[in-house]
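Following this line, the structures themselves.
The following pair of complexes shares a single chain, subunit A, combined with subunit B in the former and subunit C in the latter.
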Partner chain A sequence: MQHSPRPAARKPPDWLGTGVVALILLALAVLGANIWLNMQGAGVTPGFGFLAQTAGFDLSESLIPYAAKDSYARAILAGLLNTVLLALAGLVMATVVGVLMGLVSVTPSPAGRMVALLYVELFRNLPKILVLLLFYVLAVRGLPPVREALSLGPFHLSNRSVYMPMILPDPAQLWLLLPLGAGALAAIFWARRARRIKWETGRETPVLPVALALLLGLPLAFALLAGVPLVPTLPTFERFDFAGGARLSVQFLVVLLTLGLYHGAQIAEVVRGGILAVPRGQVEAARALGLSPRHVTRFVVLPQVLRIVIPPMINQYVNLIKNTSVAIVVGYSDLMSVSGTIINQTFRPLEMMLITMALYLGLSLLASSAMNRLNAVLRARGARSAT
Partner chain B sequence: MTTSKILMSLTATPLALGLALAAAPALAGPVMDDIKAKDSLICLVSATAPGFSVPDSQGVFQGFNADFCRMAAAAILGDAAKADIRGVGFSDSMKTIVAGEAHMGSRSITRTGTRDADEGMAFVVTTFFDGQGFMVPGALGVTSAAELDKAAICAEDGSTTLLNIADWFAAQGMTYRVENIADKTARLEAFFSGKCDVYASDVTALTADRQLAPVPGDYVILPEVISAEPLTLVARPDQAFEASLFWAFQVMLTADVHGVTSANVDAIVADLAQQPADLQRLFGTDSATTDMAAKLGLPQDWAYQVVKQVGSYGEVFDRHLGAATPFGLDRASTLNAHVADGGLMYPYPIR
Partner chain C sequence: MIPASPPPAQRRDLLRQWAGTPVTALVSAGSVALAIWLASALLDWALVSAVSPLRPMEACADAAGACWRFYLEKSRFMLFGTYPHAEHWRPALVSVLLLALSGAVGLRITGRLGGLGPRWLLALWGLVIPLAFALMGGGWAGLPPVDMSRWNGMPVLLILSVIAIALAFPLGVALAVLRHQTRWPVLRRAAVVYIEAMRGVPMVTVLFVGVFVLPLTLPPGTRISPVMATLIALVFFHAAYFAEDVRGGLQSLPASQTEAAASLGLSWGQSMRLVLLPQALLRSLPALVNSVIGAYKDTSLVVVLGIHDLTSTARMAFSEPGWGAFALEAYAFVGMWFLLSCAFLSWVGRDLHRQQSARSR
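Let's turn to the complex of A and B:
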């Protein structure tokens, strides 16, 4: 932006571009008017009033309290939250698996490279719905039925769910946010101090154990002293199923595994490409400076890889978010499943499709804008260190 | 890319709505005259419903529902082959009948109040009583749906099954956990592997799906039927036409009660004097049916033609859905058995 803008050259107006845009807008307007008129003619008034009506169907699982007597709007919210949970867990798993396999694929060990190659080629070349169904059938058949659940103390595993103990929620627990916030502040302070000591003296100070102790210890001490109720509930078997405690459904785990492995394979390729794009000279120079192989990877290779891979990773992340919709096949009540059921009941496909598209679009845009911001930060940092 | 998706869904909607608009109610005139003038009866069935209506290798529709199209053609035109059976999608078929482009529909349409209130079509007679039920592994020791509190239930995602379960369990003051699985393979796999305790669907579907279990005998269908699905013939409104369909169906039921089939009807007619009064009224040359024929404008021997060319109700049921078919439905265990056997079917008096 240091250059002064060039004086505008006299150019003929862009008639072609303007024409194309005008044509598209005109087509959209005709479509919109057409839909409106047709719906009027058929006695259908487009509108979103139905969202307040009783949904009348149940979901396989929900992060918020939800029952059939709740509204369509709440059903959509519950489905959206299930999609978000699946997407977040999927992003973490795909990234971890992808980066690990990407690193393995460039190791000197031929066995490691072979494993990575097999994994990537297998998962990249199979339709994910097939993989999902296979995993589902294997899980449902392979895991024991609920009456013969594998138990490890208060943890139980069956082909329905993983059951685990949980602390009963209580409004008084909101007070724990205070010591948690204080712990977080103290941890940040400690981390800054450690960095300063390292900068000034070169000495290493433990950061992670102290931060963990602060984040967990402070709320726990507060709860004990102030008498905040922390009542654990254990899953216990009743007539048909375990009750109490918390559960993670098998379908959630299976979809998570499918998405994590499928996109992990794609991310591994992205990471491999990023590593190969780092000039060999960089590694050799770092080795010549006496850095250990681990430090070469951590301080020289990965930072550069990160900057190369972020744009293609945005693509992977957005794809993963959209691909969570395969969950409908195996009965995980995600946004797509809720939306489909509502369409079947209300015969309002237009409104529901618009809502569903807007929500998926919002999630994808949120993810890509966050990644773009990260990209901008990394680029700025890279530019600064380059000068 | 997203824009093109929006465009696609937007263009699809006006098309569908355009179809609905084109279906403005036409004349509710003499449908019988139209059938006779064309010498052909246009009957709509589902294009893909195994057991009920599927095209055979010659492209001719075969199945339980398709046979009621033949019943109508045999009764009115004297020739079952004059039924022009066409496969059409569910919502389109109702529109087509309302628009006057077809004479009748025989396609598993549940008779509901709001549908019956439409003046463009008339529900005539229920050919199949279905309803939603529950299937459980026998090992659970459950004998009634009232014992299913807190059970895990597998059901098709997006279907009305989900609503019926929610309503029923709420009314019983019981809770449950649903496994709403869209894929049928995954759904059955989940049930047979014990991921759910219960499988919920229409009873007919339960019976058919039970055959897919490793050991079908391990599963029992509970006696409770929690929703009513009376699958009913639909006609273009015309008093004579509706009466013809209704009574042709009663002929098939009467034949069923007396064990008359397409195979033995000739022998029965040849020896009519020795037969019960019911059958004499059905096949006699000067009987209730010939009287009806004159008033409704049917061929004299319409009752004979229906039984000869199509068969009795039980014969049609067994031919397409019975034990010898992949469906393996035992009619006696369904609501379609005769009242005497615990079903809902009995013939109205033809006299």
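Let's turn to the complex of A and C:
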């Protein structure tokens, strides 16, 4: 028997909801009108045309060629790239420190647990700005001037920068992307094949060494055969400063250290929670089945820890990306400090903040969606191997 | 009855704990070495190489350790900055009031201090917040007026953290309700966009919007001081984080609560106010305390805007010519303050967590 659809009940008009929406729209309209009036009063027309004008300020460091005569847009791009560099380095350092300290915090050794606890509590209860300012003062005062830089082989550390060897950039190096892509494809193919063999015959085939050899070997062979220039340069001291090689400012290092240690403490807590959440019975059952300690970790503990740990880890990574903006406090030329400088020069806070916030929002959305996809892949794989 | 025998081979257990495997032994040795090194460095700095507060400032010139006299000379400056010296009792009173009220709220939500009802607390907040601004600003009852640019140090830190958090909380609850409800899809969508956008951008950008864009949105000719602009920006920023915590509480309630409230004849507003929100708030308290700790610590970011909170006055204290050697002393002062205040907040959080897991058991 089929029910005929009931006639929709006539809803009474929703005065409250409409009223609230109207009020919000009215408030936004008033704010917008005021912005327009204020900018007119200052003789500025809102718009993004100014981005093409000459910036006229220098950056302490940049990954792309940049000079004061370049446009504001290029300055923003240079700042964005500096932010990305800082974020990537910070992610690596925070993960290494966090996982290491998380593992130490669950060792049987009371001394190890004590040190891990001290580290985590200290960095969770101090503002990152305070840590950053303290590190900055210590670095600027404690490290030697350029003339007496601490040297370790080709690396030199002074209170201004760290200098290191680098390969001279050359446009021809872009060709290397070709063999790199081919290597990646081949590595993926090899991994699939290894899994199929394992599935059908149970035999193990080496995956990681082959993949690494493909990823590194193909571009290297290509460079040698095609004659792509890969010229290393070493930093050498000339009259006042080092020349050649690459340099990272002490500001960069200090922010990196702060972010790495600060988020390392948070990640250590996440890792500790993840490990403690695996029921003891799982380990005991695996041992009872005769798995070696290495295999217990690899096949029983680690997969479960990863599942628990990855979602809060994504959260931490996104927070770290946002927190790179504290670099403005010590004057590292990241996105935030570049846009602060531009605001001071042009009196265009509205446009600049829209651009800056959109870029940060994009970065954190990009990171979280990439990590969520990784998480989904890991989960799907876990579900498949469980059946 | 046979008395329980002591666990056997306690010595072997100790050895296994400290050095059961080579890795454990390595961790133990490394940790002990690190701990000894840290403790001796701290002891050396604070006591052995330190200069006693009884000796004059000149004795600190070439000392390797802490200069305790620095605190005698500069504590007041770090706490209150450039606020007129004769009027220091005003920022001191404001700080004490705000700290006492925050402490009372912290104790109240852990179930201590039962006599202080929520209405009383609300009334106290309504009294203390305007009083703080009135006391700091002066210009009434014979108090000399003090410009906001001279509000420095501890009271600014507390105004920008305690008051911002207190004002952000109701806004956060409202946003959480808007995002949770389904009656007004437009408002729900708006709340989602607002919350996610705020949580997707760094706090510094929101502070910049507060100080540089907010004045543009006021009618031409009006001015707003940076402290007030920052306070407003912080309220809007923290509210998005609180909203997510409260929404977590709302989502954790079983649907039967809404249905039971509806079947009792309660309207949507009544069921939200009397049934859902009280339970949701209770459940979201631990998450809220975490967010509060984060918000409180991040307040120091206002140094970027040239607002002088405690961290910034500490930096000023050693930036004057002749005082440059005392950076460590100045930052240690701020660090101790944050360690102590965060310890209280963490204790509140842990206590709530314990109570909650005891309740659910």
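The definition used in the following text is that the second predicted complex is superposed on the first by the 271 of 387 C-alpha atoms of A that agree within 3 Å, B and C clash if a C-alpha of one lies under 4 Å from a C-alpha of the other, contacts with A are read in each partner's own complex, and residues count from 1 in each chain.
The definition used in the following text is that contacts are C-beta pairs under 8 Å (C-beta built on N, C-alpha and C of every residue); 3 or more make two chains touch, one makes a residue touch a chain.
Keep in mind that this is a model prediction, so the values were computed, not measured.
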Partner chain in contact with A:Ser333 - subunit B first, subunit C second, else both or neither: first
First, second, both or neither for A:Asn323, with subunit B first and subunit C second: second
Contacts of A:Ala68 with subunit B and subunit C, given as first, second, both or neither: first
First, second, both or neither for A:Ile35, with subunit B first and subunit C second: both
Partner chain(s) touched by A:Asn159 [first = subunit B, second = subunit C, both, neither]: first
First, second, both or neither for A:Leu133, with subunit B first and subunit C second: both
First (subunit B), second (subunit C), both or neither touched by A:Gly17: second
Which superposed partner A:Val104 touches (first subunit B, second subunit C, both, neither): second
Partner chain in contact with A:Arg239 - subunit B first, subunit C second, else both or neither: first
Subunit A residues contacted in one complex by subunit B, in the other by subunit C: 31, 34-35, 38-39, 41, 133, 137, 141, 328-329, 340, 343, 349-350, 353, 357, 361
Complex interface listing, subunit A residues touching subunit B: 28, 31-32, 34-35, 38-39, 41-42, 44, 56-60, 68-69, 133, 136-137, 140-141, 145-147, 159-160, 238-241, 243, 250-251, 328-331, 333, 337, 340-341, 343-345, 349-350, 353, 357, 361
Subunit A partner contacts - residues on subunit C that touch it in the complex: 16-20, 23-25, 27-28, 30-32, 34-35, 183-184, 186-187, 190, 197, 200-205, 208-209, 212-213, 215-220, 297-301, 303-304, 311, 315, 327-328, 331, 334-335, 338-339, 342-343, 346
Of subunit A, residues touching subunit C in the complex: 14, 17, 20-21, 24, 31, 34-35, 37-39, 41, 104, 107-112, 114-115, 122, 124-130, 133-134, 137-138, 141, 322-326, 328-329, 336, 339-340, 343, 349-350, 353, 356-357, 360-361, 364-365
Sites on subunit B touched by subunit A in the complex: 2, 5-7, 9-11, 13-14, 17-18, 20-21, 148-152, 154, 157-160, 162-163, 165-167, 170, 176-183, 185-187, 189-190, 193-195, 197
